[in-house]
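Shared chain: chain A. Partners: chain B in the first complex, chain C in the second.
Moving on to the complex of A and B:
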């Protein structure tokens, strides 16, 4: 049978022995015993401690560096200049010089003994104020500008885009690959032609921190607003927050000889880290060995090999190859090792009296540090028929943005669902009814959302508990409910699974993937064991090393799709090879056999069977070795999920303190492989979301340009007593299972801010526009509301 | 007041009978707590005691003997080295984690004479003469302690980096509250943070472990 005819599809519900079950995570005992080894715990003999001199300025030129005193200190083994004189520092805390010493106290002293002089330059940090005095938008266009201009439903948009391309020119190369990509994204032929003959132009250098993106217009928003019977206007937004992984970023680098580098690194990207060393150190990627057993959190911030990792490798070289550990201290972690872009917006949204949405207009802005924040697309999920939107990217001298679970979605969701709930309040409609009224605007997943909103309402007791704004009791403590819906893509990344069936009946799997605590190990083993019909304990799983066949980075909820599909294919192929070996002995054709309960048996005739052990013994000396791949034959995975979330809060209108009573998460992720760890993703997402709604903010000091709160007592996370009751319901069964597994790391993180902030608005009758919803902001909003009422 | 834990400081009992995090909460300040620093000085009493007992130490390396999990361990350490760093970098006991390194997150929690302390906020020299217990001693002969098993059963861990600290904090809490209510749990282990968000599992694990202990 040719590969492409083989049946790889997921087992039918009655055939699943493990898939979908609620099992303990396989590395749980190791972690609970404190024996799981993280990068931070790796301590090879002779290891040196790396530390860095960090810039106190947000924007400066390095003028001079004097390392002479540090060089003389006993115990200092290497000093490496990371950014020499003339370098321009773009954010406070950036590394300038690396030292490696025999112990940590000595490294610390050496850092203090190094003198760096800076020439401070003016810095800009204000991402909160609405951008004014924008530069004229007549400069050359970026690909995103063009994307923004195009609207499938509006043929005029093609003409507008073509004339803009001809007049303004473009600032990027139109490569054949880009043309291919545009074609597959259905960019109109006229636009591609215009691009191919468009003049390339340099972007004018400007002092403005603002980059205006081309306006998006869909339908006729002006006419639509005229038809609207109720219009709501408001401002909404959330500040930059950090990833705050419990295990900070960092690595241990060791030159095992002149040409080979051994790296233990805290990473979400085992298989693609080595090439990043090649770029920095010109060492062939094949000579870089990357290893990681466990990672203490990543959340999107650990895809790259960072400046400090390269510095550790350089310091190791200078120290004769000795291993150098550089793990970031907490302040460096919070200042530089990842932040989520801010997003603020002024929104106008209109509907008919019956709640039918007709028009949306938004002016939004945000910062991702010195680069781009990546404009969150609003309105989110609910595709209002007529839209005008504008986004301004604000460049600031702060640590650069990194992907943060579901990049751009929580921000877009907050602004959209906030504006919609304000409009629903004005319409005097229950926001759940309002969403359901407009559910067709969500497109292909309308049914999923409807079903989820129904289940969430029941789990929350929405109908019994919900009251219109301003009717939440007469005492000082007001109770309120909020709702939000969200989506995410999450198709599986590419993944190779090397699976070996040994004659001694053991099985091993090797994959260059990583388990972020999402349960990747558990899911791989469940798929393999279910497919092979043997217990999970019989399979030895090896991940976390770039000597194993590659898997993609764990980001964008693409891991489960990638690794489950490659593991399923490997298992089916290996079984098939085994069937071919033993079919004659069972007097059957290979195609008539199946594996179940530790046996190979003839389908429909379990009496004709052979134990797994005996079957493997027939392999002789030769194990069966296969590599299953994703993408590959058979339709095993899909993309695109829907989820609904509801929050129940109490707000003390005298102190401004918000208390979480309860949250409900109803989530679809296609076929659930590992139920317990899937639910944990949802619990965790709600808890993380509570923190970003109520506590988290990277506060920058406009005077010094530094982060004010780079410690965990001032950068506050949610504690065990802060989160209220949490309820999770996973969508399963028909309509979900047959889609195959779809990633879950991102989707449930999207709606918490929106649902909680809506619950607060419902409780106190006014919108607290900006996150985090701290007591002072609640009191200010109440005051302002009272003033409004008085006017 | 009995149900409010004083678990982080082996010697000092705050007059108010309130945990630090509680205090922050009650004071109505959620994001910024300028008075957190003095309250975490859990070592001050120990420090005074140690100095009285041993005289001034340092600044160079001094011999240090720590009683860890029933064994005496020796090292030469600068007096500024914390108990946490000594455990991790000298004795390879890496269960306790360094996260905030200033007495906020609880990832470094170990027991000193049976009470939970932030080992990042205790100097190694001050921990001499005390019984130090780390997560490594909790499971015996490869068998998890019922509390650890409860963490596994209730998936009270994702990345697991906060887990050893949480287990040690929960252990001390259960030792003092064998029949905890949910309210007591919310206060009692509020000195530890988890970024992945495993609190639902931890609450359930504490309930299960309390039940198991009663059944045993």
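Moving on to the complex of A and C:
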């Protein structure tokens, strides 16, 4: 049988021995006992401690650097200039000079002994104020500008785009890959032709921090608003927050000889880290050994080899190859190692009296620090028929943005679901009924959302508990409910799974993937053991090393699909090879055999069987070695999920303090491989989301340009007492299982801000527009609401 | 970290001689929960540490027949919280020490250290000094992010808030603090212990650089109706926006004597005679509690970002009064 005809498909429900079961994670005991080794725990003999001189200015030029005093300090083994004189610093806390010393206190003292003179430059931090005085809209276009201009339903949009391309020019290369991508996104032929002959122009330098993106218009929003019978207007938004990984970023770099670098690094990206060292140090990627056993959180902030990692490698070289550890201290972690972009918006949304949505208009803005903030697309999930939207990117000196679970989605969801809840309140409709009324606007997943909203309502007791605004209790403490829906892609990434069946009956798997704490080890073992019909304990799983076959980075919820599919294919291929060996002994054809319960048996005739051990013994001296790949033959994975979330809160209207009573998460992720770790993703997402809704904010001081709360005192996260009752329901069975595993890390993180802030609005009768929902904001909203009522 | 000399006296009498004559030269190490992070961040760079944890008689707690209690400065918050007699004699104190910070910190932090801990002002903690000034000597607080800063006693130059949640409770109970210096032991009411620094080299209390807190004496409180209320967002391990500790002596339903102390609103624990006066001689009702709460914050001023703290302090006072009087 040729490979492409082999049946790799997921076992039918009655055939699954492990897949979908609620098992403890395999590394749970190690972690609970403190025996799991994180990068932070790696202390090779002779290790030096790397620390950096960090800029106290948010925006400055490095004028001069004097390292002489530090060089003379006993115990200082290497000093490496990261950003020399003339370099322009774009955020406070950025590294300028690296020091490596024999112990941590010496390294810190040496850092203080280095004299760096700066020429301070004006900094700009304000991402909150609505952008005014925008630069003229006539510069060259970006690919996103062009996507924004196009509207499938409006043939005129093609003409407008072509004319804009010809007049304004473009600021990017029209590569064959881009053309390919545009074609697959149904960009009209005329537009692609216009691009191919468009003039390339340099973007004009501007002093303005604002970059306006091309306006998107879909349908006829002006006409639609005229037809709307009820219109709601509001402002919404969330500030920059940080990832705040419990294990900070960093690595231990050691030149084991002149041409080989050993790196222990806290990363989401084992297989693709070495090439990043090549870019910085010109060392062949094959000579860089990357290793990580466990990671203490990444959330999207640990894909890259960072400035401090390269600095540690440089310092190691200068120190004769001794290992240099540079793990960020908490303040550096919070200041620089990950910011989620802010997003604010002024929204107008209109509906018919029966709740039918007709029009949306939004002016949104946000900052991703010096670069782009990613332009979250609103309206989110609910595709209102007529839309006008404008986005402005605000460039600031608040520090660089990084991907944070479901980039752009939580922000877009907050603004969309907030605006829709306000409209529902104005329509005097239950927001669940309102969403269901418009559910067809969600497109292909409308049925999933409907089913999930029904289940979530039951788990929340929505019908019994929900009251219209203003009817949520007579005392100072008001109770309210909120709802939100969300989506994500989550198609499995590229993954190679090297699986070996040994004649001694043991099995080992090697994969250059990483377990982000999501349970990847557990899931791989469940797939392999279920497929091979043997216990998980019989399989030795090796991951977290770039000497194993590559897997993609763990980002965008791509890991579970990737590693499950490659492991399934490897297991099926290995079994097939084993069947070929032993089929004659069982008097059967290889295709008639199956593996179950530690045996190889003839399908439908369990009496004709051979134990796994005896089967493997027939391999003689030669183990079976296969590599399963994703993508690969057979339709094992899919993309696109829906989820619904509901929140129940109590708000003290005298103090403005919000307490979580309960949250319900109903989530689809195709075929659930490992039920318990899947549920854990949802619990973690809700807890993380509660923190970003109620507590988290990267607070920048306008005078110093620095973050004032880079500590766990004032960069506050939710504790166990703050999260209330958390309920998770995973969608399984028909309609879900047959799609195969789809990623789950992102989707449940999308709706917490939206559902909780909607619950607060429902409780107190007015919208608290901006996250985090702290007492000052609640009290201000109540005061404003009272003033409005008085008027 | 600057190298430092480490000493570990065995008797309290040895301590004053080991301490310096100016602030910053020498630091006292007890639980270390605050000091170590200040040193790691170079906010404090002492040349000598005097570890007093080995002084046995500072670990004692003694309940006197009259109902008063003497608590050694080295008693940890966890030990105090778990002392059954204290739960009976001074329940508001037992609750306050059991509710502070986190279990890890309570196991390590001492009562003396709790009173002497440094402010959490984020400018102070990031190296701008106790009075939070920029290079040109201008205070960063009034024009900066002052959402957690003082609303009372905020005329400057100090704008931070006193960080202890235990001190207001002790002051409400009329506790005294005993201090050992080269001239021997002196005792003063705890509310007099806390001072607003006027200059960068001053500290937030009345200690001399060569003095050490050795004991806290809390008078009998059997007849006192006491309760505290903290306005904080999180259930645990969170700095409050405002706290209030109230101790009432009642004559029937009439308040015959009252002490109202606010925390986290001023550079010192803020004793409010205005609130006490508003209550004294009045029946305890939601209306009188509200009037007292209004009086407590009548002089409060926002610095721009901390207006909400005026409301939160008012609510804390009102709720503490009602809780103390058993009305709520």
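Keep this in mind: the second predicted complex is superposed on the first by the 791 of 791 C-alpha atoms of A that agree within 3 Å, B and C clash if a C-alpha of one lies under 4 Å from a C-alpha of the other, contacts with A are read in each partner's own complex, and residues count from 1 in each chain.
Note that in this section a residue touches a chain if its C-beta (ideal position, glycine included) is under 8 Å from a C-beta of that chain, and two chains touch if they have at least 3 such contacts.
Bear in mind the structure is a predicted one, so any value in this text is a computation, not a measurement.
By the touch criterion stated above, A:785 is placed in contact with neither chain B nor chain C.
Look at A:385: by the touch rule set out above, it reaches neither chain B nor chain C. In the superposed model, A:295 makes contact with chain B only, not with chain C. Touch criterion met: A:711 reaches chain B and chain C at once.
Look at A:516: by the touch rule set out above, it reaches chain B but stays clear of chain C.
Touched residues of chain A were counted for both chain B and chain C, and B has more of them.
Contacts of A:680 after superposition: chain B is touched, whereas chain C is not reached.
Once the two complexes are overlaid on the shared chain, A:461 sits clear of chain B and of chain C alike. Of the two partner chains placed around the shared chain by superposition, chain B is the only one that A:29 touches, whereas chain C remains out of contact. Once the two complexes are laid over each other on the shared chain, residue contacts for A:598 go to neither chain B nor chain C.
Counting contacts by the rule stated earlier, residues 105, 655-657, 694-695, 709, 711, 713-714, 716, 718-719, 721, 774-775 of chain A appear in both its interface with chain B and its interface with chain C.
Residues of chain C that touch chain A in their complex: 1-2, 40, 42, 120, 122-123, 125-126, 128, 134, 140, 143-145, 147-148, 231-239, 241, 305, 307-308, 311-312, 315. By the touch criterion stated above, chain B contacts chain A in their complex at residues 21, 25, 28-33, 36-37, 40, 78, 80-81, 85, 88-89, 92, 94-105, 107, 134-136, 138-139, 144, 148-149, 151-153, 155-164, 167, 185-187, 189-190, 192-203.
Of all the residues in chain A, the ones that touch chain C in their complex are 105, 108-109, 112, 331, 654-658, 694-695, 699-704, 706, 708-711, 713-714, 716, 718-719, 721-722, 774-776, 779-780. Against chain B, in their complex, chain A makes its touches with residues 24-25, 27-29, 31-38, 40-41, 43, 103-105, 244-248, 294-297, 299, 329-330, 516-519, 655-657, 676-677, 679-681, 683-688, 694-697, 709, 711-714, 716-721, 723, 726, 772, 774-775.
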